[in-house]
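First chain A sits with chain B, and in the next complex the same chain sits with chain C.
Presenting the complex of A and B:
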């Protein structure tokens, strides 16, 4: 077990290096929250994916602040650069002529819903939040030691020794995905 | 010094100035270069030899109305040009212009550059979609299939360099090549790397042309087929930002090529290394970009993808294997 040393709770002045870093941290948090909200609430799918990409970018920033630059870079490379782009591409090819959202639907739908729907949803959400919060606060978190200095060298060595099994399993999953894609593409061609 | 806010501010202003100047004057250089190749004179009227032309263009673009056509997705349409600029400028923060001119000597700078390149692709994709125009949509799907495909051989060739230098830090990679052209990764004598590294360089250079959407691989804005591709609906500064983003991507690509293969700020014969050598190298590379654009005709999209999947990827994989073997054997 490692003890987490908390910084003294003095707020640094805005126009110092620490102050600017703090503002950037808040910006990344805002990106995560706003991106997530856009992803959930957007009426158009492409906007939702753009929000998702924003959320991922913010998450990369959070990882960077957690002193894991490798995870941050991978978050950008894989989630923003590959996953989000592929989702957008898929949506674009599937429905390029997506119409603008119609405003009438939600207003008519609300009338048909039961009176209880709102309070019920709110109480479930509150319960979920409360239980997660209690879980987070009450659990004795086990802090794993960092692999080396957290640099790419140490991570590379542990990936091929301590966590070699996981690494191989992931490569098997990827190979299966590639072969599956090849089979599907070949079938489409015939 | 490292934690001082002035350090960050100084680099911020410096990088923005470098980026702005390059984005403006590369447009001028391109027009002049194109004109020379086509036996014309190019811009001559504004200032001496047309040197103030970028300023006039900038004022014109900024004073024009920002038209948002009917049927476009307003927010994404306005955000996409900004998104095209931001990654290119951000990448300059980790580029070592010389031994002591680098805003942030990051351990994973190579990875960061490729992560930011992925963001730039997102801008083209969103810009093309938000325009609500069929040409723009075709263009952005082309751009994405091309960029995703060419990232594979590019990363394979970068791995060869990373293997030789043993670091993902651009500064370490450049420092590893100091002391004369025979130590540069492209002509590296030790371990017999010169046997394969020139192939790596060639593959990498072809990939950078494709990644920056330049002719002969400018399928995304093939003006004879797609009007102007994803930029069709953009006017005034929206168009201007896309163009600046394109030129900045070229600058970043040239910087990356210089650091990875051409020894960074090192002098070919080991005399007075410094930032000037870096600038000379990147401008020679940028000139080559312009030269290639105006002397080669555009290819077709399927030929482009065939070249990538059937030639570049196998070659780069074999190249990686040979490099690894050379390192292991010697």
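Presenting the complex of A and C:
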């Protein structure tokens, strides 16, 4: 016996509010997939970062559909706003690909790898995807009765009471990361 | 499970997460530069967070834990990106390259 968990399980018509929401969800999925493909396949790294930003914007929409506006907001703020800009900064500082001389072709990322690398990577990734998808679809998930709402109020209370220790540890980790990044970036300077 | 009700179904989110994870693994294998591999690693972390959020919405008894864990994953990913970029800058100063083929001193 196999049940696919849908809550609620009713399918809306296209021209209702729920139907339009379903169409928007399909658009966010398309953003995630296309952005992910650009992020792993673009020759220029700057385009890959743009694809990453597109993918993470779509993921923020997915998180919104998972009834969590706070995580969607944080996804936009941290990933799209901070991490993508940070990677672009790293490319500007460290990657010589844009400054190549005009007569020779600018060095790109996926070029001149071994012939076997592409099919090998594709087959490994395809096998992983197939096994994960089968695992997710075939497993008999058990639904527990809900306790509580899961809104922003409850998330804030949980973050500062039940997981308060982890919250403080995360802030220590972030401080160490900042100091470590400063030390590392300064140490390499001759 | 119809197409327009997909946003209320758990398998849709699990398939998105599996797809992102396999994209990340593919990119980690196929990329030549450290920055490209960092982008792929970010995809893998996002896949993990998506899975946590999906189980949090559909299965978990207390629907705040998955959100809190996704926030922690984001913080760790941001710290990891900052450290990786600074390592990359330090490596670039010494080697004038971030291609993984040029960083093979230990093999010689």
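One rule holds in what follows: the second predicted complex is superposed on the first by the 125 of 190 C-alpha atoms of A that agree within 3 Å, B and C clash if a C-alpha of one lies under 4 Å from a C-alpha of the other, contacts with A are read in each partner's own complex, and residues count from 1 in each chain.
Operating definition for what follows: a residue touches a chain if its C-beta (ideal position, glycine included) is under 8 Å from a C-beta of that chain, and two chains touch if they have at least 3 such contacts.
Since the model is a prediction, treat every value here as computed from it, not as a measurement.
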{"item": "Partner chain in contact with A:141 - chain B first, chain C second, else both or neither", "value": "second"}
{"item": "Contact breadth on chain A, by residue count: chain C or chain B", "value": "C"}
{"item": "Touched partner set for A:44, first chain B, second chain C, both or neither", "value": "first"}
{"item": "First (chain B), second (chain C), both or neither touched by A:70", "value": "both"}
{"item": "Contacts of A:53 with chain B and chain C, given as first, second, both or neither", "value": "first"}
{"item": "First (chain B), second (chain C), both or neither touched by A:31", "value": "neither"}
{"item": "First (chain B), second (chain C), both or neither touched by A:81", "value": "first"}
{"item": "A:92 touches, of chain B and chain C: first, second, both or neither?", "value": "first"}
{"item": "Touching both chain B and chain C, residues of chain A", "value": "70, 74, 82, 89, 93, 96"}
{"item": "Of all residues in chain B, those that touch chain A in their complex", "value": "3-5, 8, 73, 75-76, 106-108, 111-112, 114-119, 121-122, 125-126, 129-130, 134, 137, 140-141, 144-145, 148, 168"}
{"item": "Touching residues (chain side chain C, partner chain A) in the complex", "value": "1-27, 29-33, 35-36, 38-40, 42-43, 46, 50, 53-54, 56-65, 67-68, 70-72, 74-83, 85-94, 96-99"}
{"item": "Interface residues, chain A side, partner chain C - complex", "value": "4-14, 18-19, 21-23, 25-26, 29, 32-33, 36-37, 39-40, 45, 48-49, 52, 55-56, 59, 62-63, 65-68, 70-71, 74-75, 78-79, 82-83, 86-87, 89-91, 93-96, 107, 109-113, 117-118, 120-122, 124-126, 128-129, 132-133, 136-137, 141-150, 154-155, 157-159, 163, 166, 170, 173-174, 177-178, 180-182, 184-185, 187-190"}
{"item": "Sites on chain A touched by chain B in the complex", "value": "15-17, 20, 44, 46-47, 50, 53, 57, 60, 69-70, 73-74, 76-77, 80-82, 84-85, 88-89, 92-93, 96, 151-152"}
